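In the two assemblies presented below, chain A is common to both, partnered first by chain B and then by chain C.
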Partner chain A sequence: MRSLLEVSDLRTDIRQRRGTVHAVDGVSLTLGEGQILGLVGESGSGKTMTGMSIVRLLPSGGRLVGGSVTLAGQELTTLDAHAMRRVRGNEIGVVFQDPMTSLNPTMTIGQQIAESVQCHRGVSRSAARARAAETLGLVGMPHATQRLDNYPHQLSGGMRQRVMIAMALACEPKLLIADEPTTALDATISEQVLELLDDLRTRLGMGILLITHDLGVIARYADQVAVMYAGRIVETGPVGLLFRRMRHRYTEALMAAVPRRDQDTGTDLYSIPGRPPDLSDPPPGCRFSPRCRFAQQDCRTLDPPLTIVTPGHQHACWHPVDYRDDTGPTLQLTERSARNRALDPQIRPLTTPLVEVRDLVKEYPVTAGVFHRRAGTLSAVAGVSFSLAPGETLGLVGESGCGKSTLGRLLVALEKPTSGSVIVGGQDITVASAHELRPIRRDLQLMFQDPYASLDPRMRVGAILREPLAIQRIGRRQDQDRRVGALLGQVGLPASAAQYYPHEFSGGQRQRIGLARALALEPKLVVADEPVSALDVSIQAQILNLMRELRERLGLSYLIISHDLAVVRYLADRIAVMYLGKLVEIGPATQVSEHPAHPYTEALLRAVPELPSPSGATDGATAVGRARPLVSGELPSAINPPSGCRFRTRCPRAQPLCAEVEPPLRPWGPHHLAACHFPLTQPASGGA
Partner chain B sequence: MTGTDLTALSAPVGGEPSAGGGLWRTLGQTFTANRLAVLGVGLIVGIALFCFLGPLVYHTDQVYTNLAAASLPPSAAHPLGTDHLGYDELGRLMAGGQSSLEVGLAAAVMASAVGVLWGALAGYVGGVLDTVMMRIVDVVLSIPVLFMLLFIATIIPPTLGTMIAIIALFAWLIPARLVRGEVLSLRSREYVQAVRVMGGGGGRIVLRHLIPNAIGVIVVQATFAVADSILIFAVLSYLGFGLSAPAASWGEMLSSGTAYLYDGYWWQIYPPGVAILLIVLAFNFVGDALRDALDVRLRQR
Partner chain C sequence: MTGYLLRRTGQSFMVLLGVSVIVFALTHLLPGGPARAILGLRATPAAIAAFNHAHGYDKPLYLQYVSYLSSLVRGDLGFSYTQNQSVAALLAQDVPKSAYLSLLALAVAIIVGLPLGIAQAVRRNTVLDYTVTTGAFLGYSMPIFWLGLLLITWFAVDLSVLPPEAPQTATLGGALADPAGMVLPVAALAIVSIASFSRFMRSAAIENLAQDYIRTARAKGLPERVILLRHLLRNAMLPIITLIGLSIPALVAGNLVVEQVFNYPGVGLLFFNSALRRDYPVEIALTLLGSALVVLGNLVADLAYGLADPRVRLA
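So, the complex of A and B:
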């Protein structure tokens, strides 16, 4: 294997008003031809800046201050701007994260792909167009030639990301830098895109620098991994070795923070305390030492150099994970008393449900033209029924656009359903007047996804937390203030936090405040819409632990809406899978995730890359290996959903019957229901 | 409160907030880094002091005419000379500045208040009410402003109060449109939905959440509105529909000065002209800087 990209001691500074940020601080990387190098780290670790430094697409104020980058023997750091432009797009292709904003909406995709060919190859327009069609075919775009004249808005997110990749590939680059290429995409689509990248590098012999925060993606697709923390590489090595024999304490902590399939849901996730350092003034010594539980005096004063463990495996840690006594990772996870609450399925039906949802339907009219002529109906939620016991956690999963968020909003009465009912405490909230709803709202609260948008930036935290109490006229001002202090304590924030504005908190802290606000009225049910998907892995673990702890202390019920099966599996007692407005499967969490009945459930489960288990030394090393994606294509439009079973258009097991008869939800096992004509498992008779 | 366990977790594991300061402080830092903004604020403060405190130091008669001292060039007794009615030009500049600033500020404040409420209501409620309210704005906007102002100024006796009302009558339209657009985008924010889930009503959402979050846009707009109102007041006065004599205004001074354009009485033209220019420029500098400061805050998010 020949080396394609050599980065050594790369340093990038960004000058800002408040000082100079050393975003990349002595990074060295090696990438071979036809290899995928995964660059992983939390946000702000400098991983994107490393990628952008290689192609010299730095933000204003940013510049390379040292080190070298060689691509196939050619030094890039000394090239002038003009020569660098010839390298970008020609020898190095770049795929950005957000396919929605990285394409020009006023140009057809054909023009955009052809543009780079014309720039670099100086070929005629027709030749460039032919090349564009060829590349689009290469990235698996159906009907590539016809699609050339489409505008970006006519394509779905997954298709746009394919177009982005086609643009990057049009000039046959030697190196592709993919910066979070699938973060904005659904699991099933993300899997398709990653498989495509993987396939392309073998076919084209191209090296890929895959920048991501997702350890699962790295574990499944990368050959080499480099873990970044605070502008530096802290550990690098071959993927198998690094995931099983990680040495750096940060790598270890990062892996322990990710919920796993085999994780006992009774244990806390390891969460890294604090937050990453300010890179304009990094701490002395090891930069991870302030957050590291193994840090000793030398860590705080001396900077650890990269040490070679085995050829290719390096780490920078004074007190690395020790495998000599073969105890493996030493992180002690707090064992919690096994939850006996809702887990026992025999108990649940006896209690009266907290919330009962019956045949809930939500349709939106679709209008067209100047006169808002009604052009059709978007069926967001199409006849969903389930019930939720007090203290139970139900996880709701599905791709974006499947109606799971709409269902959540219907449950907290943010929207009125088209038909059906939601019964809370014997009262149907869908027909209740605003006046009648007010007291009921105390029981139903919502926790939002985006910690930056869910808190009013003009209000101090104290006022934000007091607002629900003020609206519901609970207590006098002093009582309310005391309650605010108590709430902040509950979510692990100091009482002084009430004096600050939301922007003075980090994302994770804001999510704590959002949770505190949801808890202010002592609700019985909290609907959490993607509660951790905007957060970094280490912070995500803090919030998940907190949500679990509060559930046990306060006897809450949760409806966790998420696209992330690992999160749902970790928190939920039961899992419900939604597809295009319909529930396709619902049942106990372990049952659904281990023995799914519906092919869609299985596809979702398989699409999520899992971390290899750290304890299992070699077992399943190849089980992480992958099969072809189970579902092809994308979620069909909800305006004219497919007849019969809505999943049939993407289902590998579909037969003519599926198009004619809609499969009903039928019992599979105890509390396990699924809707499929040709399921993966047969229903247990009688329900053992 | 009920028996829920309210004891805190052991220690604040979530960590402390970072030092930073309120939004206004960050906004202030960006603002003061802008030299033109500081110049603008300096000019506004300087002109205001000159107009309102100047007459306490520099006493002149701005009521009775003195034709014997008409159109005198600058001298020790009259540093900026006198006008065609014998009023001291420097003292008149102060008096005229008072009315200009008063009309400009008052009209801008009135217009912004009405416009903000109108736009916020239309944007928040939406639907038919929004359509009706915004079509009214469109209709009024489509009438040539100067024509309407002149028309109204001829039927209503011109006093300081009526001038303010007349100018405000046409200045609220732009803030109304602007705030409506802002509210449309703000009302779908998650924190607004959070208030709904708590059971909060429309009044609370508009007054406590939407308007405070649109305040940046409103302040910027109001600053430009002051400059515009001063200009329009000057135009009306210049055309002779301003305050009636002996009340002074910069526009009226300029107007009477231009009658003697060919007599070389430069001291009757330049001072009010430069004053109008400076004050309008100053408010525009400040408005621009505020807008930039606001943008920076948004970018830093």
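So, the complex of A and C:
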């Protein structure tokens, strides 16, 4: 393996009004030709800044203050602006996170790909266009030549990311920097895009710097890993070794915070206390020491140097994980007393359900023409039935656009269904008047995905939490204030938090406030729409633990809507899988995730890259096995959904029958239903 | 697109119909009615009755409106008693000259204002930015007649480099033949628009410069000039298009003042003089014309927006 990219002791400062942030503080990396180097870390760890420093695309106020970057023997840090411009897009291609905002909305994708070729190769317009078509074909865009004249908004998210990749590859760069290339995409689409990148680097012999917060993606695709924390590399090594024999305490903690497939749902997730440090004034010694359980006096004063474990595996920790006794990681997770699984669907007696959903349908009209005549129907939710017991947690999974958020909104009566009913406490809330709904709304609360956008920026936290109490006229002002203090305590925030505005809190704290707001009225059901997908792994674990703890303490029911199966599996008693408005499978969480009946469920499960289990295999560098993606293509339009089984257009097992007859939900076992003609496992004979 | 155009044109006609009702009502709200206004305070009641009968003012109101509308549709805008010409003839003479002045000023404002705003955004918080911002606030806050007078004092009186008066001509050709005479009126009219366009362009460009797609363009290694012209300009222009459409009433109003200050024989001066002489048919026709321009400006802005932004499907 020849070395392609050598970064040594790279330092980048960003000058801001409140001080200078040392965003990258002595980072060294090596990337070989045709290799994928995974750079992993939480937000603010400096991983993106490292990538941007290599191509010198720094934000205003940012500049390189030291170190060197060599690409195939050429030093980049000493190049002038003009020469650096010749490198960008030509020798180094960059793929950014969000393909919607990263493409120019007013130019066709053909123009956007071709302009890079014209700029660096000096070829004619038509030659550049031909190259654009060729590159689009390379990244798997169907009908590439016809697609050239499309605008970005006419493409789906996955296709847009393919355009981004084509743009980066148009001039055949030696190095591709992919900054969170699939974070904005669904698991199934993300898998397709990552497979594409993996395939391209072998075919083109290009090196890829894969920047991501997702350890699973790194485990599945990277050859080498570098873990960043607070502007520094804390551990680096080959992927197999690093995941099974990690040494740094931060790496260990990060991996423990990710919910796993084999996670015991009776235990808390390991959560890293506190928050990453402020990089304008980093703590002395090891930067992780304020949050580290194993920190000693030396950690707080002396900077740990990079220590070589084996050639290629280095870490910077004074008290690393010790494998001498061969017991694996020593991090002891807090074991909970075995949870009272009264909620276990296997043994749960048939109680009166808290919520019962019957044949729920929600359609939106699609209009066209001068007189807005109805041109079609968007079928968002198409005949969904299920029930939710008191204290039960139901996880709802599916790709974006499958109708899961719509279903959540219908459940809390934020929208009126086209037909069907939602029965809460014996009353059908779909026919209730606004006046009748008001007392029912106390029992049904929503927790939102984006903790930045869902709290009114002009209201103090106290006012945000008091508002629901005031609307429902609960108690007097002093009682309400007392309740606000209690709520803040419940979600682990000091009572003084009531005095501050939302922007003064971190993402995790804001999500705590969102949860407190949802709990203000002592609801019976909380519908949590992607509750942790905007948060970092260590913070995500804090919120998940909190949600679990509150559920047990307050006897809440949750409907957890998420694209992240690991999150759903960790919290949910039962899992429901939605596809294009239909429920395709529903059943006990372990049953659905271990023995799925529906091919779509299996595809979703397999699309999520898993971390290798640290305790299971200690045999070191076993490659993390993977198969080709199980589903191809993308979610079809809900305006004219496919006939019969809606999944048939992407299903590897589809047969003519699937197009003709819609499969009904059939019982597979106790509380386990699926709708498939040709399922993966055989249904229970005779039904349940 | 065709459907959209039809619907919007239909809507525009409805608006204009509403305006015609108001304008029609105005002729009847005049103290003493048009007869008194035209024949003067000393006219005898008999003369007024004869005038009213001759012009149909003694018929029921709805019939009068119908006949007013029908003559309007036929292009008959009435007769100017003070100028002894049909209003249509007056408009045919003066509208091209005013349009020339307005469009020239609009073009200058766009050509100067937009690059100025982009330059400010790129060189944000520098001396250039602060200077242009100060200038823009001065230009924006100054009354246009005062600005016109200042321009005359500086460039025509003190420096004697430009004529103090606009071309004195009855035809558009005469105005075209005297570019020097147009400089100060156009400048007076354009400065206010430059000020507002550059402010809006500055904020739109700053917002767009922070967008991810600009970073993508940089990552492609494009020269900065290409990034600004090809990527930034078109996106930052989008909000400005609506602004330009909405600035048409301001331009029309500006014409009114500028033509008076520089004695330019256009529609503005015509309106001003007609108001002084109570030439109601002319004023009514010009009011209607002004409304039509405002409606048209909005329609054109919306259409242009649809062309400039591929995401907007006009339907």
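Operating definition for what follows: the second predicted complex is superposed on the first by the 666 of 688 C-alpha atoms of A that agree within 3 Å, B and C clash if a C-alpha of one lies under 4 Å from a C-alpha of the other, contacts with A are read in each partner's own complex, and residues count from 1 in each chain.
The criterion applied here is as follows: a residue touches a chain if its C-beta (ideal position, glycine included) is under 8 Å from a C-beta of that chain, and two chains touch if they have at least 3 such contacts.
It should be emphasised that the depicted structure is a prediction, and the values quoted were computed from it without experimental measurement.
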item	value
Simultaneous placement of chain C and chain B on chain A, clash or fit	fit
Chain B versus chain C, judged by how many residues of chain A each one touches	B
Chain B versus chain C as contact partner of A:Asn90, first or second or both or neither	second
Chain B versus chain C as contact partner of A:Val55, first or second or both or neither	second
Which superposed partner A:Val21 touches (first chain B, second chain C, both, neither)	neither
Vertex chain A angle, Cα centres of chain C and chain B, expressed to the nearest 10 degrees	30
Touched partner set for A:Cys658, first chain B, second chain C, both or neither	neither
Which of chain B and chain C A:Val384 touches, first, second, both or neither	neither
Touched partner set for A:His120, first chain B, second chain C, both or neither	second
Touching partner for A:Leu437 - first (chain B), second (chain C), both, neither	first
Least C-alpha distance (whole Å) that remains between chain C and chain B when both complexes are overlaid	5
Doubly contacted chain A residues - partners chain C and chain B	none
Of all residues in chain C, those that touch chain A in their complex	3-4, 6-7, 211-213, 215-223, 226, 230-231, 234-235, 238, 308-311, 315
In the complex, chain A residues that touch chain C	55, 57, 85-90, 93-94, 96, 98, 101-107, 115-116, 119-120, 151, 153, 164, 167-168, 368-370
Touching residues (chain side chain B, partner chain A) in the complex	1-2, 4-9, 11-23, 33, 189-191, 193-201, 204, 208-209, 212-213, 215, 301
Residues of chain A defined as touching chain B within the complex	17, 273-275, 412-414, 434, 437-438, 441-442, 444-446, 448-450, 452-459, 467-468, 471-472, 474-475, 479, 483, 486, 488-494, 496-497, 500-501, 503-506, 508-509, 512, 517, 521-522, 542, 549, 553-554
